[in-house]
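Below are structures written as structure tokens.
In the two complexes below, chain A is the common chain; its partner is chain B in one and chain C in the other.
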Partner chain A sequence: MLDLLVIGAGLAGLSAALTAAEAGLNVRVIAKGLGALHWSAGTIDVLGYLPPSDAPAEQPLEQITELGQAHPYALCGAENVRAALAWFQSLIAEEGLSYIAAAGEANAWLPSPAGARRPAYLVPAAQFAGALDRPDPMLIVGLLGMRDFYPALIAENLGKQGVSARAQFISVSEITDRRDANTIHLAQAFEQPHRRRRFAEALARLVRPGERIGLPAILGLDDHAAVLSELQSVAGAPVFEIPTLPPSVPGARLYRALRSRLRRYGVRIEAGMEAINFAADGRLIRWVETETSARPLRHHAAAYLLATGGILGGGFSSDAAGRLWEVVFDLPLSAPPDRNQWFRSEFLDPRGQPIFQAGVEVDSGYRPVDATGQPVYDNLWAAGGLLAHADPLRERSLEGLSIAAGRGAALALTRSAARQPAHT
Partner chain B sequence: MHGISWQSVDHTLDACIKCNICTTYCPVAAVTDLFPGPKYAGPQAQRFRENGQPISPDHAVDYCSGCRVCNEVCPTGVRIAEMNARARAQIAATEGIPLRNRLLGRNELLGMAGSFAPRLANFGLHNPVSRLLAEKVMGIAREAPLPRWSVDGTFGDWMRSTRRARLKSNKKVVYYHGCATMYYEPFVGQAAVAVLEHNGYEVIVPPQNCCGLPMLSNGEFPAAEAYHRRNTARLSSYARAGIPIVGTSTSCTLTLKEEAPELLDLHDDAVHTLRMGVWDLFEWLQEQHDQGELRTDFRPIELTVPYHAPCQQRAHRVGKPALALLNLIPGIDVRESHAACCGIAGTYGYKTEKYRIAMDVGAELFDFVHAQGPHIAFSACDSETCRWQMEHGTGIPSRHPVEFLAAAYGLYDLERRSLVSPP
Partner chain C sequence: MKRPTKRIDAEILVIGGGSTGTGVAWDAALRGFKVVLVEKRDLTHGTTGRYHGLLHSGGRYVVKDPQSAAECIHENRILRRTHAHCIEETGGFFVVTPEDEGDYPDRFKAACVELGLPCSEISPATALRREPLLNPRISRVFEVNDGAADSFLATHVTAQAAQLAGAQILTYHEVVDLLTDSVDGERRVTGAILRHMTAGDDIAVYADLVINAAGAWAGHIARMAGIDVRVIPGKGTMIAMNHRLVNTVVNRCKMPSDGDIIVPAHTVAVIGTTDEKVTDPEHLRIEPWEVQLMLQEGEKMVPGINRARVLRAWAGVRPLYQEGFSGDTRNATRALALLDHQSRDGVTGLLTITGGKWTTFRLMAEQTVDAACRQLGVQRPCTTSQTEVPGVEQGHYWLGHRLHEVEEHRLQGDLICECELVTRAMLEHAAAHNPTVTLDDLRRDVRLGMGPCQGGFCTYRAVGILHENAAAQEQNPRQDDHRLWNIAAMQSPAHPMTANRKTAAQTPAFEPNLLLRDFLQERWKGVTPILWGSQLKQERLDQLIYLSLMNANHLPDNDLSSPLTEFYRFTSVQDGEDPDAA
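So, the complex of A and B:
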């Protein structure tokens, strides 16, 4: 029997699975599909803003305490957040992905795909040279023929914010002969040495001395470090990636690195397995069933960890009658009972929309609780975007919260498993 | 609407958030831009197909191999592969079906015809002149790994001739052999029967048809429906009686369970009963093992075996039971392939215009097999066309996992692919 079944293959689920596997637990990850990380910019955002204020958070690790006692970060504890991030940074480096934090634990400010300022805490090495507080001017290079990346728009917006930037194009045909290529195809095209060389030489012709070069985040998938290093040496300038619309290559790299780490521990990620049913004896979950081509498949585990995300991640569903529910265990949610209270009248209300702060309430050991604060099940833990009282997209806290809570929940359940032997 | 139903697909269309994860993992779009990717050919183009619009907006959907990796990775549950299969059927219904695709859809008929004189049929098909002709006239790729008819009789012949030796028992299973086992690889069926009997089961092999998958893949839905209705009539009574129906061809069992009912919109009781009674053989063996009822008196097999769970097996969404069960054999070192697809996708890679694509898709798998060491005797895979493609792409023989189990029970010779008499 499994020690732990993790439901959800986003950053929270994978961080939890890795933490438990490191502790020697026999773990399986199931997921309806692959998600979350493939939509992310690949950065680890810990805290960018403190709503309802528009003021940026400059010291995310210190300022998470300002989010209040109900926020899941308070549950993690600032020191555990710092430790979880250090753990993540070191393991991901071992998988060949280097992440850098700005000096003094400050947020780095990077260009978004629209040229806006975007805060991030741990930054992929390939994005780090895009920091907006550096003085050197930028050359933003787009690929003519690639969809959804507009260097002139980025350069103009950066210019309005006082960052010196100009835009240029290189034909997409320098790197691929495909008539139609998405970001992943382009990233794979950069792994062909001769095409990459040609592209690097085209860059060298465009760049002026003292400039740094911003490119769409398509610089290789598996061989990313080599691509980046060759472009920089041939062009003779620092090169940085700017995230794109999905599919996000930096996000895919992160997913692949975590997957390869998990495989080394013998942990399987089963995609295409949607949890549709479960059974419990009192407060003990006995099994979870997933949908298959015919009969449901039953998964037995001593412990279960729910990391299915919030509304966007698919962890919650709702209907027109005003019901909001958690899709696997139908856990109590903190949503306003009246659907009319889900949204404020202003779309961009600085206090955010109540429905997006709704979620699963957990106790100090990350176990979902009912209205009286009692654990709903003794062998169920929860982590990530589904936790109540956070507004990760507005706070820019999604990745930090996922890693810290994912690891925290797995450590809590590991301690609990050590106290009482696995139920059979 | 030419009888193409969009039921079950249409509901999932609105769940598409255009995130492109399907395109990211699509093994075909990765190697050719003749197929723009599942999102474009599927949910995006679908807007132009439904609601009585008679003409599919593009023909790129013909380059979808139907491997279902898109479904596997989609985070919102869009039935992309089904959407594409129905779009192909819509094209077939409006524009007709090329002779080649009709022929490739009829592997049961081909199997039966060739089996009258298998040596002659093998010579007739497998010589350079006819392969050249087949390529020029029919568009069937010269190099494609077409199977050879069994020259030792069909699986049916073997069942008949060994009738008296077959185990009688209160514990019964129905075996669905599929066309490949019947006409090309009867030894896979023999290994399955040996394994089932070793576990105390009487194996019933009732009359049965092709599952219809080759027709579904080639857009020939009406003919596939006739097959599925006949299979339902012949097999559902066993399911109703609680006798499990197990199959060694993982794409056939998937078709009986899900693809035929869903694509053809067949939802009556008998179809549903059959669906719930069908198991992929290893799915069922795993269930036996979980109940502590699988015999594990395995002899060691000292081999390193690269195992590829084919797309159609993964599409069952039951994990990889063959991997777990092969690992019970002492001495065996099973290496799991993480390649998305071997490329062949049933009849896809046989087609001249798709042969190269199929080989490029399979390259990752072929490289994986080679990377497992210089002395790999066999690879393993649950699907016959994938095994033929893997052999073609690597030059290394491939076996069904049940052949390994039978060998580990001491009942089967992996090299010669024949049963051995128990000591």
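So, the complex of A and C:
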């Protein structure tokens, strides 16, 4: 019997699993797919823009309180968010991925793949030299033949915002012979020493003294640090990555680092296991069933943590009649009652779309509650993108919220387990 | 109004770049007239680009509207020859479901015989073998020669054929006034003032005859000459399903009504339509009940359809016309209406052609140009029924054509829209030969953004590519030569014409951030009525890409707008209530 079954392998689920494993719990992670990190830009965004005004958050940790009492960050508390981020930073560094608070307590501003200024709180070391407040001019280099990165567009938009940038190309054939390479294939191609040497030499021919070089975020997957350092030394210039369309290589690196960390604690991530059923005795969940290729499998645990990520992660489904439901436990959701109220008329409305605020309501201990505020199950916790009263993509708060709530929920359930030993 | 300095002289000025107007321009140019066609937006931006894509056999109207049916039967045969590559030979079924009681099937069968429409009754078992998703409870099935038509492609190749015959096509030019004068007390239309929608400058076009083929906007044009033409705008709402649920056109065998047709169109299936009288052809709102009705009715033909994924909803407006008609638009005739304003209103130099169906556009053009010849006092026979448009040598469209070419020539790495198999070269070719005011113009050319992700991945890529090419254009200006414009090549990933051309985009005042914002909003407008289930999840991924990753709402030039920006807005979502007001 497990101490904890975590459902969902995004940043919230993995943060929760690690926190619980560190506390000595016997943990398993199950997930339908590979987890939402493969979509992310790789940065840890804590709070970029404040709703409803869409004003930029310059001091994200301090300004968390401005989000109001219903927001899940209020549940975490600013000090716990800070502590969770410090915890994340140190453990991920031990796995060889360095994340930097690039602007101290403030947000760093980095180039987006469209050339907009993009706020981020913790920045992967590989994106650090792209900070837009540095004075050195940028050379943005694209791969001719790569469909997911447009350096001239980035350079022009940065130029319009007062950042000196120019664009150049190197043929994709310098790094791979594959005709249909996606970002992950390209990142793997950079791990071949002779190929990346050739690419680095081509960079050296393009760069002018004093420039820093921006490249698509494809500079290696497992051997990333070596790729970055070789490019910088051969080109003789700082090199930084700019995120690309998904699949995201920085996101994949983060996923791999967290997976490797979990393995040290003996925790496995079981991908391809979709939770399809469960059983409960009153307010106690007994087991969760997953679909596998052979036959349904039952997972028995003392505690369950739901981190399936809402609409995008697949934690919620919906239908034409305007019903929105939570797919594993059918938990009560806070949502606009009528489908006519789900959307605003503009795609980019700074206030966001009302439906994406929908989610699971939890008590102060991260347990999903019903309309009366009572926990639905005594051994179920929830964290991450499925929490109600936040729109993490609009606020640019997804990763901060996932780490803080994932860790917070795991700490809460660990304390609860210590008080009340698991049923055997 | 001050007369503009730019002036064009023509014999015939055609107003409207839909199927009817381009058909008229093609026909008139082939008969040797000097023709100018003007369209206020892109070709097919109006009703032609917003219909379900059915090439009518005529079966739908045999009982209710025999004149319209006879026109369809006649034209169906011709278009299969002249526009072969714009048509997929799907065939069509008229199915009798348990809901369709009464004697209609027998009347249908008799009317087909009477009108000479080839129709054979097949057993439900045979029909189910061919279309396994059909309702197994259907009792009778009639097979006819319906087809699926690509109205974007057909209109563009017809326009190209007109250009090759000497016509001049002016898109993104709006008619702001008709020029009129009076000779011996007789009022005469002598041309029109056009305004360039992006540059803003005006052109005076003088013509011996003006042909009003503005469709649902024809009344608006006629009013400029003081003539009252009451086009009855009948809004039809359609929805596209994520899969091609049937390979045959499926019609209910009953009096035409809402939601009784499923058309396999390229990779999707379209359910149509509603028919609602509206007042404004420009701003059409999709009501939730219309989407519900399409799914509910579709269910009777293909059970389970309302659990399938819906990609998009849109509406077009039929330019129906019936002298003195007032009533439900469903009962207005679908037959063509040619108004000679000389005999009708005592105004010479103006004809209005409206009504009709996409299937009958060539016939409408023939009759219109015949009338033009009479008014101009010349005799020149119509040749369109014997003239093939460019690209017809490709033969009929078949699903899998693009995939076949991509695999054959290993073009997987060149795809910039994986949903619809659009390569970079196809996009570049389209952009080089068509003015690109919005990415929607390229969507109509190559189906960019029409698949499941609704522009999630390809919007950014298309903007990036056009931006790269616009920079190249400054160094190497493009040459205008419509003989190089090969629209058939745009449909073919491996067409040598596409692969070899690296011409800069023809993009006036290129603003990449505006292109991006406009297209995201254009796609949003058509998905909000159907966002639930998997498509809602997909939309959230698109939000991740454009909000969290791109930060597209904080790009420079946020205040710029295009001639289409306003069109892509809708003041309300579904019910007209702001969510905040609730």
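What we mean here is this: the second predicted complex is superposed on the first by the 414 of 424 C-alpha atoms of A that agree within 3 Å, B and C clash if a C-alpha of one lies under 4 Å from a C-alpha of the other, contacts with A are read in each partner's own complex, and residues count from 1 in each chain.
The definition used in the following text is that a residue touches a chain if its C-beta (ideal position, glycine included) is under 8 Å from a C-beta of that chain, and two chains touch if they have at least 3 such contacts.
Quick caveat: nothing in here was measured; it's all calculated off a predicted structure.
Once the two complexes are laid over each other on the shared chain, residue contacts for A:G96 go to neither chain B nor chain C. By the touch criterion defined above, A:G77 lies against neither chain B nor chain C after alignment on the C-alpha atoms of chain A. In the overlay built on the shared chain, the residue A:N340 is in contact with chain C alone; chain B does not reach it. Counting the residues of chain A touched by each of chain B and chain C gives the higher count for C.
Looking at the shared chain after the overlay, A:P137 reaches neither chain B nor chain C.
Residue contacts after overlaying the shared chain place A:A271 against chain B, while chain C stays out of touching range.
Applying the stated contact rule after C-alpha superposition, one finds that A:L398 touches chain C and leaves chain B untouched. In the superposed model, A:G314 lies in contact with both chain B and chain C. Judged by the touch definition given at the top, the superposed model places A:F356 against chain C, while chain B stays out of reach.
In the superposed model, A:G365 makes contact with neither chain B nor chain C.
Common to the chain B and chain C interfaces on chain A are residues 39, 178-181, 246, 314. Only residues 31-36, 38-39, 178-182, 184-185, 188, 246-247, 252, 263, 268, 270-274, 290-295, 297, 313-314 of chain A touch chain B when the two sit together in their complex. Listed in rising order, the residues of chain C touching chain A in the complex are 288, 291-292, 295, 306, 410, 412-416, 424, 457, 460-461, 463-465, 467-468, 471, 512-513, 516-517, 520-521, 523-524, 528, 530-533, 536-537, 540-541, 543-557, 569-575, 577-579, 582. Contact residues of chain B toward chain A in the complex are 19-21, 23-25, 29-30, 33, 36-37, 71-77, 254, 257-258, 275-276, 278-279, 314-320, 338.
Chain A makes touch with chain C in their complex at residues 39-41, 45, 54, 112-118, 145, 147-150, 152-153, 156-157, 160-161, 178-181, 243, 245-246, 311-312, 314, 317-320, 322, 336, 338-348, 350, 353-356, 393-394, 396, 398.
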